[in-house]
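To keep things simple, chains are lettered A, B, C, D and E as they appear, and every chain counts its residues starting from 1.
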Amino acid sequence: QNAPIKVGLMLPATGTFANLGTMIENGFKMYVAEQGGKLGGNEVQYFKVDDESDPAKAADNVNKLIKRDQVDVLVGTVHSGVALAMAKAAKESNTLLIVPNAGADVVTGPMCGKNIFRSSFSNWQPAYAMGKVAAERGHKKVMTITWNYAAGNESVKGFVEGFEAAGGKVSQQLNLPFPQVEFQALLTQIASQKPDAVYAFFAGGGAVKFVKDYAAAGLMKSAPLYGPGFLTDGTLEAQGEAAQGMYTTLHYADNLNTPRDNAFRLAFAKAYKVNADVYAVQGYDAAQMLGAGLKAAGGDIKNRDKLVAGMETAVIDSPRGKFKLSPAHNPVQDIYLRQVKGNVNEVKGVAVKALADPAKGCKM
Amino acid sequence: MNTEAAMLDVAGVNTYYGDSHILQGVDLQIPAGRALGLLGRNGMGKTTLIRSLMGYVPMAAGSVRWGGRDVTGWPPEKMARLGIGYVPEGRGIFPNLSVSENLVMSARAGVDGSRAWTYDRVLSLFPRLAERLDNGGAQLSGGEQQMLSIGRALMTNPTLMILDEATEGLAPLIVQEIWRVIGQIRETGISTLIVDRNYRMVLAHTDLAVVLEKGRVVLAGESAALAQDHDALGRYLGV
Amino acid sequence: MDFPTFLIQCLNAVQYGLLLFLVASGLTLIFGIMGVINLAHGSFYMIGAYMAFALAPLFGDQFILQLLAGIVLSALLGFVLEWIFFSYLYQRDHLQQVLMTYALILVFEEVRSMLFGNDVHGVTAPPWLSGGLSLGGVMTYPVYNLFASAACIVVAIGLYFVVNRTRLGMMIRAGASNRDMVRGLGINIRLLYRIVFAAGVALAALAGMIAAPAASVYPGMGGQILIICFVVVVIGGIGSISGALIASLLVGFVDTFGKVFFAQYSGISVYVLMALILIWRPEGLKSKGY
Amino acid sequence: MTSTPLPLAAAPAGASRRGLQASLLPLAVAVLLSLLPSFLSSYGSDLVLRIMVYAIFALSLELLVGTTGLVSLGHAGFFGIAAYVTVLASGDNAASIAWLLPAAMLAAGLYALVTGALSLRTRGVYFIMVTLAFAQMAYFVFHDTPIGGGSDGMFLTSRPVLAAGGVTLLDLEKSSHVYYLALGCLVATYALLAAVLRSRFGHALAGIRINEQRMRAAGYHTYWYKLAAFVLAAMLAGVAGFLMAAKNGAVNPELLSWHESGGVLMMIILGGLGSLRGAVLGAIAFVLLKEFYASSAILGSIAERWQLTLGLTMILFVALMPQGLIGLARRWKRSPEAGHAH
Amino acid sequence: MHTDAHHSQPLLQAGALTRRFGGLTAVKAVSIDLHVGELHAVIGTNGAGKSTLINMLSGEIAASEGMLKLDGVDATAWPQPKRARAGIGRSYQRTTIFPQFSVLENCRLTAQAALQRPWHLWQSARGCAASVGIAREVLEVAGLAGFAERPAGSMSHGQKRQLEIAMCLATRPRVLLLDEPLAGMGAEEAERMLSLLERLKRDHAILLVEHDMDAVFRVADRITVMVNGEVIASDTPDNIRVNPDVQTAYLGDAHEH
């Protein structure tokens, strides 16, 4: 029997993203527990570091896992800037890395590598899909608004690409400093320009406040609000009335109602007393991907080539639906169109089938 | 000196600053309605004695009694509430308050409920202050600050005034006025404890006097008698 | 920008400014008047917001009652905090207080996480404040925001009056410059400071409670507001209530129009404003007046 | 009151003996640090390296806060600018430390010269906030514009080297080389600041902290002194920034954030203001405490609550140690010399 | 250096200095000449503007109007440190010392002002023999030699006042602007200070602000009287003593010996 596999979980335990960190961790652990606590026949041993979502400390934090705990595989994280530092460290030390959330395009773009995988999405994916949807829904003139930071800018870029390819026109791109939540000035600008629709990228507390302010300004009717799923995921209770009826795109939805998803959600709810969400799925799939690789390598984590080949070719039976990885190691997945109803993001169909990230700049 | 009932009775005071033994068993009584002058060269412990009895500096040993009541170890705010008006060395003006605010904030009726000293009366005592009411405390001249400090203490309608170098930096005319007021205060039954470098004036305006030398009382008695004792004055004050 | 839009933007600026003032007022009190550099002020704001979240179900429609209960609770909290953590720090170097408040931020953040978890929560405005006013057909304006502005104005006036016109206010300010002398005048400065600190905490918490229905309630919400409040207090001139009000409005305008005209660089605008003002007037706009 | 005059001036001989004693401990620590990597795991050396970088950073701020009395909440600005310059100036091929380090220091120094010249018009809390403002401006320049890769920052493609006559003396791709470079910088910074503090310049700075008015009246152009201290502190912070960039191989706007400025300020307060050792102690304590409370290997699930444990520990420190950690050390030793450090 | 320079040009010459604070004119067009070998006393009511005058002469605050010449050179625009290094020394009415430093260091630091050399990083400040020497000397003169190693803040009020003067002397000034140097000093200490002043005036130009009239009339060669910012008289001590305006405004009856 092999030595236990050391999994380093570098996730936020404090700060704005703490909750997402917990969901990812739980998802990951649930899959391992389902396999009897083993992956590819190996015991799994966890090492945890709170990344505090602070990129300035990221290099030191990831080194704790790589050098101090000498983990075999890194799993993390939520914040894009931190994920980049992890990718850099993983490359330098040739450690296996699975990113269970951070959507930064570069991770599977210029930064891509044999040992770097992502179980979630690239910022480009849901945004591009939403661009197509918005155009299909007949909107001609759309404005975008986001925080001025990498994730927001990438998301808007993806949207513009999808929307303009389908014949629409983005009339103005608004942004404000991250993580400010004073939206009123920009909402007034939106109101005065009377666009057909608005595409927004925000997350967490900012998403809640933006959607509420947008509704309170009376704009929902005159200019429907679109966004990637993060605008309404895990925030619906707080957004309440304001978010009702909104359309968003994401690689997951609350009631896919497939047997695979139902089983997953039931098990998750039982184990952790909360409903699963997209983050839990991403964590769960990160474990699945690792499991698939290990299986191909015969349980030998040191057999990197086989392991990577196994992960590259595996079909992951995700609660979101089956997916494979692109050559740049990003999921090639269906992006769903969802609508907010009560406290759930109801699936309304598939916006784009098997959408692959273009992986610009990836040389592998 | 012990025959009259003492309003303030300080006995056996020993005070240290760190390791240095500053006051070494000082006794002092101020009878009600009397004025006492505290004399001594620079650095002999006059201010330290005042700060000790006010409760600013902890005493290593000794007792403080007020009208017969043991008040040893009381904090300054409680001592002040007993009816002590304190004009500290160096004035202690609140620089961020205006002149009128400095006065208004400290206004209080005396322990007997008297309000003999009002805002207007203080201003009429120091007309110069009346001209500078809206000035910040930090922007006053040295002498104006001194007036303010005295006026502020008067606003608390004290039964005992402690004046530590209260005439420092005041013009001669004002100093005369201050001594006149001290005389007046004495007549209204208010006691005073005076430290001043002008020993002649102190002895002329007080009933009793105490001389400190290196933290000990070396002389205590009637002021009038001491004023004649040129020997002692020469020895202990260097004059 | 057409004229009606311009007017609405001005309204936005005033409204944001007033909300900032409400948070900054407690800071001016503790920081400007007591001289305690209170980094934990943002945490008190957060505590207020979570208090609104926790109390709302208990009070139902009784919004005003809920605010009052929150004020009492937070004042109590402030009273106890001052007692345990600050009462012995005044004589020390001011930077020790900074370290203390820094530590408190960490503690509050974790306690919040233990009590309420890390989710984002919404607080609903009371029904009688939840409508919207139509502004010239362009957009609607939430009635609640107007209520919040009104509350800010009331607090501003009240605070200005207490600090400038009452003996209490004078004593507090005197205490900041010379504690010993205040004691020598028979004033119990320890108690006084405890009360002021409690009032400062209550003001921050009140701001949090008022902001909660508009802003929602989420981890780390205190940190964001903290720095901008320091900016307001300093621009206004430390300890000056009226200065803080002017500064809040200035920041409101600069921020609002910065976002409109220099979206890409609007993060800098407020800091440029502060640097310019302080280089022009090194002691803030209202250095002397209170 | 005349007490016997003390013997004339602490004679130079006595002073130099005391000076020697005072420098024994730092020397011993430096020797120990140079031996450490042979005993420690690579993680351990990394930890020590991080502490050393922060120690340099803290020392630089100590000159400003502890000595000159200028409390800055924008010191990370200089740290971060130097780090960015290191990355931006390196290009694709390994740049030479010989000019890269001075360039990084110079950039930090230049920014300090300009912002300091303006900030020093203000005092006290106003100064704190103006320094914050200038650091935030630099932060937003890197965060919101593409110059430095925006919010995600950028990478150092190849780390700098130092070569002389064809021989590579230092290659910062090797972490041990970063370690020894940092150690060298730490020793140099400490020695320089120790010299500054005992020099006339240092005494003048201390005088300015306590009573600037009197210094001007005596004939000191205090503004230039303060500006010199500000620029010097910024350049030393630049050394730390350079090392940070070389160590991490990446930079990021958060390096300039007020959290970072606040963190290093907390280090020197925790360590005890007014002494170089305090600053170093503070850096050690801050990094180690955090490391300890956040390691789940030692504390299990409590590690996730590191904010609580760290916060409570700091509260205890403040409550029990009015002089900071260095005060504790002094109380142990009760050496009179320690009290003299400015 | 001049020995008896009374008739040469004044060392410090101030012309029509005026200073306004908002609506208040604290000093109105005051001209004053200071000669080496002469002690010029300025007396006047509280708030008359004496300290403000010293502040303007020493460069602590800018004059609203007027000019200043040192040694015949226009020094109106010089900042305070430059004036100080050129030989204008002052003491403060409110003690302005370095409480945390030793008494010796207080004086050494002010003595160092003339020998700053900030770039001499290798040389210890305490080892700077010149400044230590000056400091010890002025402490001796001020009668504080026994207190050299005490923290200045731990001295009594009167002792601090003595230190205040010592620090001023440590800058080796040619012009001394003394703001109530006797305040807070005991009789004995005041006596010593007066004889010191008498010695110093031989080779210094001295401006003395003081409310102790016995002292002023003893040492002053010339007296200027200010009331409400204006000079009401400037004359020899004997003439001032009998000047009726001065008596009503300032002296009262206390000094008609």
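Please note the rule applied: contacts are C-beta pairs under 8 Å (C-beta built on N, C-alpha and C of every residue); 3 or more make two chains touch, one makes a residue touch a chain.
Keep in mind the model is a prediction, meaning the values are calculated, not measured.
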| item | value |
| --- | --- |
| Smallest count of steps, each to a touching chain, taking chain B to chain C | 1 |
| Per Cα centroids, the chain farthest from chain E | A |
| Centroid distance [mean C-alpha coordinates] between chain C and chain A, Å | 35 |
| Mean-CA-position distance for chain D and chain C (Å) | 33 |
| Rounded Å distance between chain A and chain E, as computed from the means of their C-alpha atoms | 74 |
| Gap in Å, rounded to a whole number, between the CA centres of chain D and chain A | 38 |
| Multi-chain contact sites of chain B, meaning residues that touch two or more partners | 41-44 |
| Chain A residues counted as touching two or more neighbouring chains | 14, 148, 177 |
| Sites on chain C at which at least two other chains make contact | 109-110, 264, 267 |
| Footprint of chain E on chain B - complex, ascending | 17-18, 40-44, 47, 89-90, 128, 132, 139-144, 146-147, 165, 168-176, 197, 199, 237-239 |
| Residue ranges of chain D touching chain E (in the complex, touch as defined) | 2-6, 8-10, 12, 15, 19, 192, 195-196, 198-204, 206-207, 210-211, 213-222, 225, 228 |
| Contact footprint of chain C on chain A as seen in their complex | 14-16, 18-19, 22, 148, 174-177, 179-182, 184-189, 191-192, 204-205, 207-209, 212-213, 216-219, 234-235, 237-240 |
| Residue ranges of chain E touching chain B (in the complex, touch as defined) | 21, 43-52, 93-95, 154-159, 161-162, 180, 183-191, 211, 213, 250-255 |
| Of chain D, residues touching chain A in the complex | 41-43, 46, 50, 140, 143-144, 150-153, 155, 247-250, 252-255, 257, 259-260, 294-297, 303-304, 306-307 |
